[in-house]
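Dropping the structures in below, format is structure tokens.
Both complexes shown next keep chain A, but they swap its partner, so chain B is in the first and chain C is in the second.
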Partner chain A sequence: MAGKSGRAISAAPKDGLRSRILSWEGALVLIFLAVQIFGVSISPNYNFTNVLREMPKYLAEIFMLFGMACILILGDIDISVGSIVCLSATMACFAGNAGAPFPVVVLVCLGIGLLCGMVNGFLAIKLQELPTMIITLGTQIIFRGIAEVTLKSGGSVSMEDVAGLMQMGKKLGPFPLSLFFVVLTAVIFSVLLNRTVFGRELYAVGANKTAAYYAGIEVQKDRFICYSLLGGLAGVCGIFLLASLYGANTTTGSGFEMEVIAMCVFGGIATTGGKGNLTGAFIAAFVIVCIRIALGQRNINTQLILVIIGAMLIISVLLPTISNGLRAKKQKR
Partner chain B sequence: MKKKLISVLVSAGMIAALLAGCGSSTPESSPASSGAAAAAEPAESADTAATDGAAETSGSGAAGHTYAIVTKAAGNPYMERMSSGFQGVIEAAGGTCIVQNPEAATADAQISVIQSLISQGVDSIAVAANDANALTAALTEAKDAGIQVLTLDSDVNAAARRTFCNQAGIQEVGQALIDAVYDLTGGKGQYAILSATSQATNQNAWIDAMKTIAENDDKYSGLELVEVAYGDDEPQKSTDQTQALLQNYPELKVICAPTTVGISAAAKVLQDQKSSVKLTGLGLPSEMAEYIGSDGAHSCPYMFLWNPIDLGKLAAYTSIALVDGTITGKAGDSFEAGDMENSPYTVTDMSDGTGTEIILGPPFRFDPDNIAEWAEVY
Partner chain C sequence: MNKKSFWKKITDSRDASLVLVLIVLLAVIEILSPSFLSFNNVRQIFLNNALTLLMALGMLCVMLTGGIDISITSILAFAGMTVGLLQKYDVLHNTLLLFVIGAAIGLCCGMLNGIVIAKGKVAPIICTMGFMYIWRGMAYVISNNAWASGKDVSGFSDFGKDGAAGPYLILLAAYILFFIVMRWTRFGRRFYAVGSNKEAARISGINVARTIAAAYAVMGLLAGISGALSVSIYASAQPNMQYGKEMDVIAACVIGGISMNGGRGSVAGTFLGAMIIAIIAKALPLVGIDAITQNLVKGIIILAVVSLNVFTQRAINRQNLGRREI
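So, the complex of A and B:
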């Protein structure tokens, strides 16, 4: 079975402090600290309060990171999550405006997300010959299509009663409420991936699906569960997004899938499956968010910010190749 | 072993260098996004102005204050003209100007930008909203932080801003467009509307005004609106939608596109296909010059627009007046707007009674007689 650590940037033995620093997660911590120094040095407004104040919008996205990590570790992919966010937020708004009490609105949002995830999971296990990229491309269009049909020509819906949403958007001291939920979700998924049989099964399936199947792992059941979990988390993203948008429109959540996948890949999770861990993805998410906030405060053109994040992604994926190349050179000598 | 450690550090260093590199390039990138030159100096001083903005005593006019404008998205020539007008006035008045173009034409992207401006402690934010409701929370937060919030081009909920710089009264635009359709169809026949996104506030308001006017006056009873198509302000999608309209409605006489992206895409399709369908709407003169003409070889006999540069300028004068306390955004407030044609401007109540607005002026007609002259302006 392949190792759980992220990107191999060295052939060091897998124990001891040195290997910990040499691991990709260790490097990410250093990068995170570097980004903080960078942020403070380029923007006089880059401080604890402001970063936390700008964070809720990104935190909503980070919920999906954990489900996406599971899917990627399985060797699958799901590019429909942005549309699930749109559909669940839209339906939640309609439920709220139809007079449903706030807890029901939350349940509708999570329920629609879960349902969409289950549809993805069902299709993924029934259409095994199709790449999941194609299946979820289809559902991506379908889910957003349903949202667009529901929204009709107006194209947007807003919550009439925002009292509940304002509660969700509240802050405890400087900390946004959603941060606590993100951390809680991180802990739950960390235990799930690292301390349970289910978690180990995901790595086994991602490393070699056929071998895992013959080892008695219910591969298709695990895949279904992961898609459903991710769908549910997209619903969570939807409700927290509503807390800052107070409504939904046809563009809500567009592009989220790629941002979340980027965070995972930057965090060392291989899209080929079986490699990487949640810690790396979690730190990577905050690295990307902090870079966006810092550059934003410096009024850097947002397109340039995307270029920078894309470049970082490619460099991070190339790292093993670079370090292997260096090693090969050294051995030749 | 050591080599490997070094390789890790080198890699981390590369990333750090990449980041540092973009940090130092700020002054160049900022004017690039605003489309106007000579902004390196103001961009550099933006930080200092923003940090001690609170402590700054309100000196003469705009000096020492920071005024921000948030456009709908980058890569939209209309928005670029608007922000350059805004920037010109602010900088001439001695203020610091921040121009922000969100990465996509969505409310989400605008929220990130607004949050960042709150962190920077700017004095005012003028925003062309991508969604009427979704910005409410972010703009309310800005207001609570003591920032003067106004909208231009596309409005938000009245409670979330002081006032709205309206490029044209909804009624005035709706009337001009439906009259153009009436004229070009000869008073009878099918017409279609090619809009931007289905949730664009201003597009929907104008289209609704057109429909209402047509329904309430027998003069327009011969006109039949067959479809409102949405090109999402993307050239390719607008082209596809135009072709679909031509295919689905062979009897179509006129397409009315109240969006600059839509009208230029439709103009090209109609002219290339030598279609007999005529086009009107709201377009940018420089983009539409080759399509405007009264003969059969041109697809658009005439169209309308206001001057986006003037709209940006009006928003800039409004920002300055709000920040220095000349106006508070209440109906009846009045202020001078430099050398602008309709100055002084007065804040008025909106027709729906929810808030206030400042109307730039009636829409301007571009026809074969004046298009060459205006094409060089914007």
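So, the complex of A and C:
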């Protein structure tokens, strides 16, 4: 059966307080608290208001986390999302500058994202033999290529009428508007994954594709839906990115795909499929965001964050192997 | 041998069909732009793609074992940045020694990849993604917002500057060495064995974990050498060098017919795959297509090649099935 918790760090039985704390999600909460202490100790400006104020520029890519989680649970991968963000943001800018009203601009952004996702999904189900890594490698280059051709030699475009985007960057009390949307998306996807037939089908497909097929699950339909969802969410990311950047260029969103996958994996979702849940990925995303904000405030060489994220990622994926090894040694004795 | 079997030989061998594609491509370009195959132009193509060509060999080893390595350009940046800084602060100016240092750094990084993947049983893409961040970050940290300019590496860049023989010699030596190793030595054949069937390889006495680790070590070694070479060719070292170019290397391998599931691929195919991308990129402006469409065309070619592969494989399977029924 598909495990509830993505990464087991203890052999304790699956219920009870002890296992809840020792589950990976419990560990992530502790890591999150540790990061807060770390933040407060290195920077005098690290407090609730400031963190919330600086959050919006890191929030946009978290939208894609939920779609990527679905894709990874299926056992697939999508490395084209960064390019989809670039393409949809670019097209939205052009639509806005051509005089389209703001709701249309938003629709263009989401529509382009959805369309790109559907292209990925279509290719993934028509070329089933291929690893999805190769397919999305191709579309990654193509989507960014289209954006490059549209942007012409200048390589960048900025939004002329930013009134609508300003509205999106607004705050409700101390909270940025985008945070509400992130939480809303998280709730929707959490219900989708845990409480609907579709969500449980994803776990079944990820655990064993052939068995799922023989159990009557429309594997290819589910894959297509997941790719389309992720594409749509990349569009959402695009519009929220515009709300803090007011423009797009040829490198917009480059590297986002790996950051999103890293957040998922750090949150306990296995790339082999069928394992992990959204809670872990969600906490992991905010752990990374808070580390970024803390280091950014102290003006510490911001690239040091890369080393920290990389090290956390590798240690977290090595944990199960290490704990298994220790347990085996104990049993031998 | 009659003509039909010769034709079958060509269509059966992927490398031969790639040669065919390359010849047709060159013929078309040569007709549209007669000066394309001049010595100078060909030399430029090799020089501009030396790093991809070199790293593709390592990626061949990694992909043969069924893995993937996306940390290569970060290793390249870390090794290259070290080599650049050693010269900037006047520690060392010996070309050979600098290359050895670059290679050694790459080898260590690659071995770390290999150990985590083979011993820690971590998915290759996740492990190398982690190290991708770490080495790129380390390149930034050691550079401390400085970068080595052409003046700093003036002696070193004589080795790889336009017109010098250095890069070509390295490429030639690497390709000849790999051609022999992958074809006729135990070390090379083990990659194929492990990639085709891990269990069978284990039972026949191959140390699977060590073979997988070796593949990543070789990849790291080549990435390290590429780091030094990159500093030499472009006469500068920045922490963000070759950012995102790992996908170009993977694309070259995929076009060259290396299977991502492991066990299938050749040195000749790797070379041809890298050359097809390189030639198209160079030829686009010459035949009147805006250079800005380069990436678009590249992506379409990748998808076209891999889907063509799938369709021919399906046709072959169907044919075999038909034969069996008789």
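We adopt the following convention: the second predicted complex is superposed on the first by the 333 of 333 C-alpha atoms of A that agree within 3 Å, B and C clash if a C-alpha of one lies under 4 Å from a C-alpha of the other, contacts with A are read in each partner's own complex, and residues count from 1 in each chain.
Keep this in mind: a contact is a pair of C-beta atoms (placed from the backbone, for glycine too) under 8 Å apart; a residue touches a chain by one contact, two chains touch by 3 or more.
Predicted model, so just to flag it, every value in this text is computed and none were measured.
S.K.: Touch test for A:31: chain B only (first), chain C only (second), both, or neither?
M.R.: Only chain B; A:31 stays clear of chain C.
S.K.: Per the contact definition in the header, classify A:187: touching chain B only (first), chain C only (second), both, or neither.
M.R.: A:187 sits against neither chain B nor chain C.
S.K.: With the two complexes superposed on chain A, say which partner A:255 touches: chain B (first), chain C (second), both, or neither.
M.R.: A:255 contacts both chain B and chain C.
S.K.: Classify the contacts of A:57 with the two partner chains as first (chain B alone), second (chain C alone), both, or neither.
M.R.: first
S.K.: A:137 contacts which: chain B (first), chain C (second), both, neither?
M.R.: The answer is second: A:137 touches chain C but not chain B.
S.K.: Let me test your reading of the model: by the given contact rule, A:303 touches which partner, first (chain B), second (chain C), both or neither?
M.R.: both
S.K.: Please tell me which partner, chain B or chain C, touches more residues of chain A.
M.R.: Higher number of touched chain A residues: B.
S.K.: In the overlay, answer first, second, both or neither for which of chain B and chain C A:311 touches.
M.R.: In the superposition, A:311 touches chain B and chain C alike.
S.K.: Kindly classify A:330 by the partners it touches after superposition: chain B alone (first), chain C alone (second), both, or neither?
M.R.: first
S.K.: Please report the chain A residues shared by its interface with chain B and its interface with chain C.
M.R.: 148, 153, 254-255, 301, 303-306, 308, 311, 322
S.K.: What residues of chain B sit close enough to touch chain A in their complex?
M.R.: Interface residues on the chain B side: 1, 3-5, 7-8, 11-12, 14-16, 18-20, 22-23, 26, 29-30, 32-33, 43, 46-48, 50-51, 74, 98, 100-109, 111-113, 115-116, 118-121, 130-134, 136-138, 197-200, 204, 228.
S.K.: Give every residue of chain A touching chain B within the complex, in rising order.
M.R.: It comes out as residues 9-12, 18, 21-22, 27, 30-31, 34-35, 38, 41-46, 50, 53-54, 57, 148, 151, 153-156, 158, 169, 244-247, 249-255, 291-293, 295-306, 308, 311-312, 315-316, 319, 322-323, 326-327, 330.
S.K.: Over in the complex, which chain A residues touch chain C? Could you list them?
M.R.: So the residues of chain A touching chain C come out as 77, 123, 127, 129-131, 133-135, 137-146, 148-149, 152-153, 254-255, 258, 261-262, 265, 270-272, 301, 303-311, 313-314, 317-318, 321-322.
S.K.: Which residues of chain C touch chain A in the complex?
M.R.: By the definition above, chain C touches chain A via 68, 70, 116, 119-123, 125-127, 129-134, 136-138, 140-141, 144-145, 239, 244, 247, 250-251, 254, 260-261, 290, 292-300, 302-303, 306-307, 310, 313-314.
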